[in-house]
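One chain, chain A, links the two complexes that follow: it is found with chain B in the first and with chain C in the second.
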Partner chain A sequence: MILDRIKTSDFIATVGYELPPEVMRLALRRMREYTLFQKEYRQGDITSDVLRECVQDLLGDFRRGEKFTFDASLAFLCVALESIFTPFATEFLEDLSKVHLVEMPLSPGVAKVCLEERNKLPSNLQQDFKIADLLFSIGEPFIRNEPSPPSEAKIKIAA
Partner chain B sequence: MPRVELLLAAESHAVDQQTNALSIFNIIEGTYTGIIPKVVFITVWKREPGDEDRDFQSLLRVTSGARQVGEFPLNFRMTAPRHRSFHVLMGLPAGRAGETIRFEVLLNGQSVGRCEIEVSEAPA
Partner chain C sequence: MGGVNECINPSKVVHRISGQAPVGYSGACVFEETKLIGTTPPPPIPLATRLGRLIHNEPGPAMSAEAKKTNDVLSRVHGGYWECRVEPVAGYNCAGHVWASRRAAIYEPSEWKKIIDDDGYKPVPEKEAPRPGDLAIYKLPDGKIIHIAEVMRIEGRKGEVRKAFALSKWGDLAGEYVHSVDDVPFKKTFPESKVEYWTERLRGDK
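The block that comes next holds the complex of A and B.
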């Protein structure tokens, strides 16, 4: 599973040196692991619960005063989740983007860039109108419009 | 003011919950007399400089032949570079054969676009 792969020292070494967040985002998107993640996600092998467990597992390794080993792994998850609009993905990116720790110089910046990209997507607003109660008078229809409350969602979030 | 990038009438639409991709099904270019159970009128707005976080009043005006069917308001804010408005009209009377149903979109009182669909006699 790709979530096991991103915890390995081999993967972290492959990510390489720290780059500016915008550049790191592009570099991570080009990795083979990014494609594998999307595939496993669409197949249902990666769920929000599985991701939550993975993130908790990674963060369990955090030690104050030591460079966080899995900073690159978290950065990868940011990029992988950028185009996935579940409550967990949104919460993960928003929470991580607010972190300011010397021990984690990479992933919060990447989270912020990914959030900026997400916010470029179109917003949606739908309103239903019931054109009901047709009353006929001298052969002509009279129509009253009954709007229902609008439903607004940046993205309709999957349950 | 936002610019209209796309406007059309269709039978239905779907927004992917995970990717926000918009799919439009069965664009309506013509219809038969009677009642159209459901029409979704889709307008895609493109943000222009100065539109950020501003409120806009959009109105969909529908006429069938010479008769006004109704005016359907839908206000929105340009919080993203693009915004999609979906007016879902349920039970739209198609009017008489040979007439045209016109969908006109107004933004802050100004007409910014329209599309028309022809009404034909329903087959026997």
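The block that comes next holds the complex of A and C.
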């Protein structure tokens, strides 16, 4: 999984020396890992919950005063999420762009650049729906907790 | 909590009022705890261009064991022909090495442009070789600056193809290395990058 890879020192070394934010964005987009992220995201292996957990995991390594080990990993996530318009992706980019700490000189700047680029793109609204459980009996499907199965099967979607 | 590190998200305000949150809303800034633990940068050291415009700068993070390990790996991978002047050291980046006497990091390319303009830097004429003290500025075709280094020496005789060597600090926790101007760690990522030589020698008296 790509989200496991970005937590490794090998990934940090692959990113290499730090570059100015706009150039770093381009460098990260050219990495093999960027393509892998997009693939895993499209396959549904990377969800908002998984991303949130990954970010919290990375931030667990934060130490006051010291260079944050996963500054480059957060920068990578900025670039990976730039064209993904979910509430978490927006929240992540906006919140990170407002961070200004000695320990993280790289990723907030990359977040700002990604937000600027993102705002240039046409955005599609994405809505998440919660689908109620669908059970099947012999003959006809019915929805759990419905009083009686309808004669014509209908699937309800609960928002 | 106030100041530059406060997360202000209008959508959170709206949803607190309406009582509803969008799906996926966390209820807290993702970096809330990090901001509480981390260090807000101190005021910049007094640094200005030749025309008196202040140059924003920061001290940069302190060295960590992990950062030192990463730098050791990177210098082994990329620096086969580099000459080390200084082992990995904190406190300044490439621009800080060149323009702040190694006292601070100057992170923003907009500040670099300010210095180049105000200090009267001009491109070294194409027919001339750069001289020690000139700058080697690495750029992408669209003009974005990748890195800034200081020319240290030129090897080769006059009339022959001469090779320039520059002194670079690759990042705010890297060491300083003398290298051929073609021997740079971002060459594979940006094969289209080019080096330009700029100098303040030609600014004339003002």
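Observations on the structure shown:
As a working rule, the second predicted complex is superposed on the first by the 121 of 159 C-alpha atoms of A that agree within 3 Å, B and C clash if a C-alpha of one lies under 4 Å from a C-alpha of the other, contacts with A are read in each partner's own complex, and residues count from 1 in each chain.
Just so it is clear, a contact is a pair of C-beta atoms (placed from the backbone, for glycine too) under 8 Å apart; a residue touches a chain by one contact, two chains touch by 3 or more.
Since the model is a prediction, treat every value here as computed from it, not as a measurement.
When the two complexes are overlaid on their common chain A, residue A:86 makes contact with chain B and with chain C alike. Look at A:48: by the touch rule set out above, it reaches chain C but stays clear of chain B.
Contact with chain B, but none with chain C, is seen for A:119 once the two complexes are overlaid on the shared chain.
Once the two complexes are laid over each other on the shared chain, residue contacts for A:12 go to chain C alone; chain B is not touched.
Counted by residues of chain A touched, the larger count belongs to C, out of chain B and chain C.
Once the two complexes are laid over each other on the shared chain, residue contacts for A:65 go to chain C alone; chain B is not touched. In the superposed pair of complexes, A:96 makes contact with chain C only, with no contact to chain B. On chain A, the surface patch touched by chain B in one complex and by chain C in the other comprises residues 86, 127-128.
Interface of chain A with chain C (complex): residues 9, 12-13, 16-20, 22-23, 26-27, 30, 48, 52, 55, 59, 62-69, 86-88, 91-92, 94-96, 98-105, 109, 127-128. Those residues of chain B that touch chain A in the shared complex are 15, 17-20, 22, 44, 67, 69-74, 76, 79-93. Contact residues of chain C toward chain A in the complex are 4-9, 11, 22-26, 29-31, 33-35, 37-41, 58-64, 66-67, 69-70, 73-74, 77-78, 90, 93, 105, 107-109, 140, 144-147, 170-174, 185-186, 189-190.
Against chain B, the residues of chain A that register as touching in their complex are 83-86, 119-132, 134, 140-141, 143, 145, 147, 150, 154-158.
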